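Please go over the structures that come below.
In what comes next, subunit A is part of two complexes: it sits with subunit B in the first one and with subunit C in the second one.
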Partner chain A sequence: MRENRAPGTWQTVVTVLRKDLLLELRGLETVPAMVLLALTTLVVFHFGLGRDTIDGQLAAGVLTVTLLFAAMLGINRLFVAEREQGGFDAFLLAPVDRSTLLVAKALALFAFLVVLEVIAVPAFGLLLLGPPLGRVLPGLVAMLVLGDVALAVIGTLVSAIAVHTRARDLIGPIIGLPLLLPALIGMARGVGPLLVAHGSSWPPGKWVLILALYDVVFALLSYAVFDFLLED
Partner chain B sequence: MDQPQAIELRGLVRRFGERTVLREVSVSVPTGATLAVLGRNGAGKSTLLRILATLLRPHAGDIRVLGEELPRRGFAVRGRVGFLGHEPLLYRDLSGRENLGYQARLHGMTSTRVEEVLDAVGMRERADEPVRLLSRGMVQRLAVCRVVLHRPGLLLLDEPLANLDPAATELVAPLIGRGCGATRILTSHDPRAALAEADLVLGLEGGRAAFLTEPSRVDSDSVARLYA
Partner chain C sequence: MSVYGRGLRGLAIATVLTITAAFALVFFYAPLDADQGFVQKIFYVHVPMAITALCGFVFGGVLGAMYLRTGERKWDIRSYVAIHMALIFGVGTLITGGIWAKASWGHWWIWSDPTLTSFLIVMLLFATYQPLRFSIEDPERQSRYASVFAVVAGAFVPLNFIAVRAAQAYVHPRVLTLAGGNLPGPMRLTFVIALAGMGLLYVTLWKYEMAAKATRMQVRALRRALLGEDSVAPLKRSAAPS
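Our next item is the complex of A and B:
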């Protein structure tokens, strides 16, 4: 291999993503905390609502809020190692496209959310949900993936803004929640009809489309502005 | 014919909020030469190095690094500069080898080069231990490896020998010392050591260039005034 040739975009994305996943595997700091928070929230809902089972829009709301809480934890921690251990500077000194950091971090957050949901969704089915999940699983997975893309892209953007501020723990939710609101509404409205006994097995096309559009718009917007966020 | 300049600064200004940290600093450093930057804490030494590394934007002045105008052509300078700041820029939960492997991939270098630099600083045996378990001196040696991994033409060294014992200092000398072949800008709180390493000396006082001269022309009074 020839030395000193600047790596390509996807090569850089894979390099940063691999490092992030390795750091999480070593430290086990973010994902276990996200899972614990989600399970605790579900348990609180289980007892707080005073009902054995829930379905429809209420179930969709509970699931969306639970995932949002856990996601906020991941979003807040996304750039902690870069800030505390000089990862930003090390990355900025390399001859690589700076936007690759956005892509890699969003993919890392997306991976964290998938792991979270692999545990939290069955737990939700056991603790709260009335109708069985099996039949609607493909539709639910599709909505969760679209929702995760929104959480990952907007979360990464917000986390990159917040990490340079002194009130970073506050800035994340203050900027992030309003930006995420349309996506979360879309997710909840799309998931609701799936969580009804003998209901539809696929989410309403309108909400799938809105969520997908929101993902695309924010992905492009984030890609366009991310470079500027890394400037001092 | 004029010697090519690795660094050319004209009227460099940098502010942090209301505070001006660098005021109209002008200096030229020929390719392959060493500039020692002296000054007490807060004089602007680290800020100067971070601007040259493209990590900070200047607020005024003309800056050329390795022939490229900053900040406009910053992307052309990245990857050609080795920056050793106060922090080692290494992930604590990763091993030295993993950290350097990550850096090597970002700079398009091979794993052979990683082993080469680890060997050079005598860290091959401890390279698989997490950085958080290593002593400060060992972390500094790994940081030196990171800095020279991609064979940069310009080394920006902020207190490079901090935490290093005499044996480690000797080990890193071929990589970042006078004979390494790269242009060097180094800061030190030990003026005598810095003067011995330098071809040019810049004294910074409150962000201004108090003097810019050859080491042989720096008298002890000027240095004393700088740190008074």
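Our next item is the complex of A and C:
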């Protein structure tokens, strides 16, 4: 009777994640748009600031805002296919744990953000950043990964709230931004010292800790409340 | 009379008495601040209001969690009223804070002050509570989503304060430390009474709005029972549950 057994948690997560990644791979809808928006934002910053190269805290702020803009696009589109093509109903009909959708969607968003950064961060180094990136890369990657976890978890939660509202394109960003602010503060302040010429090569421990704490708390919190967003 | 109306009169009288006593103490008993002089007296309004607003947000989150646990509509209404009242207190806090900052530091807004900045972020988050509710038509879904928001945002309040505080140096007058503070005796007594008055005001207003909502619902139910379905106009789309 193996066929009738409900799929396990990880099996569900992997299935939904695979579906999302496959959909993105075939459709190329979200990630290219995120990358393009990030690159354009860098150009806007070049003209807006009137500077050819930037460093230090200013550079960290520019990088954080650029990634945030691009992430917002991804967050807005995260559940669009589910809503338009009945994916929510199908998921609710399946005999699976509902929180798995949160985990799968957050992992998908995380993957999108990583691809975005693989392209956007070198572009940022090339186009705007004064000091070289090579030396501080491990510290920068650590900080970005922690920031991506916050963006992915909170983004998924907010997107799930917003997708069923009337003004979903507005509700998502206005709730998401304040909730993300502490994580963005941590990311910008942690990355700042790395982007100074001959500065430290590892972000301040305080910010790594705060960002990690924020990630853990919001991951648990989202996991606890996510079920209620799917009930129908 | 609904459950919320019970004891409302006594509570209102206690609130008026406490607040009157607090103001009497502020003006006639508490000493003038050596540094800031008379301006410092706004502290007895500003800080209790801020503490009450933040507690109100967390209280709304706890009530929202109760809704998610039980699914009873009354918890969502309670949570809504708690957040609604806390928002009003929050606006008051931002205004009195601005006045105090202008008088003692010379600017309406000081970024280097973590308490002010984190309070602004909390207000920006909770300002989206009503638009979120308004944007969901189905009342059951509205209650559920608003409660999820209340729980997440309630937990966000302390976290946000940790993060912003870490980002900046201390500029705010740190009169209330966990170690007991460095407030002299008469000032502390005045502050405690002002805080109690503000807390009582919040509870009174909360009960008052709850009583109003409960009464309105009762009237609707009675009308429907006596005059038939058509006598009651259908509820309009609204952010407020009723």
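Some observations on this one:
Please note the rule applied: the second predicted complex is superposed on the first by the 231 of 232 C-alpha atoms of A that agree within 3 Å, B and C clash if a C-alpha of one lies under 4 Å from a C-alpha of the other, contacts with A are read in each partner's own complex, and residues count from 1 in each chain.
Keep this in mind: contacts are C-beta pairs under 8 Å (C-beta built on N, C-alpha and C of every residue); 3 or more make two chains touch, one makes a residue touch a chain.
Please read all numbers here as calculations on a predicted model, not as lab measurements.
In the superposed model, A:H164 makes contact with subunit C only, not with subunit B.
Shared-chain residue A:G134: touches no atom of subunit B or subunit C.
In the superposed model, A:G50 makes contact with neither subunit B nor subunit C. In the superposed model, A:G205 lies in contact with neither subunit B nor subunit C. Contacts of A:P178 after superposition on the shared chain: subunit C is touched, whereas subunit B is not. In the superposition on chain A, A:K19 contacts subunit B only, with no contact to subunit C.
With both structures placed on the common chain, the touch criterion links A:E231 to subunit B and to subunit C. Touching of subunit A by both subunit B and subunit C, each in its own complex, is seen for residues 231.
Put simply, subunit A touches subunit C in their complex at residues 157, 161, 164-168, 170-171, 174-175, 177-179, 181-183, 185-186, 189, 206-207, 210, 213-214, 217, 221-222, 224-225, 228-229, 231. Across the complex, subunit B is touched by residues 1-7, 11-12, 15, 19, 22-23, 26-27, 81, 85-87, 89-96, 231-232 of subunit A. The touching residues of subunit B, when paired with subunit A in their complex, are 53-57, 75, 78-81, 83, 85, 87-94, 98, 102-103, 105-110, 113, 130, 146, 150-151.
For subunit C in complex with subunit A, the touching residues are 68, 121-122, 124-125, 128, 131-132, 135-137, 141, 144-145, 147-149, 151-153, 155-156, 159-160, 162-164, 166-167.
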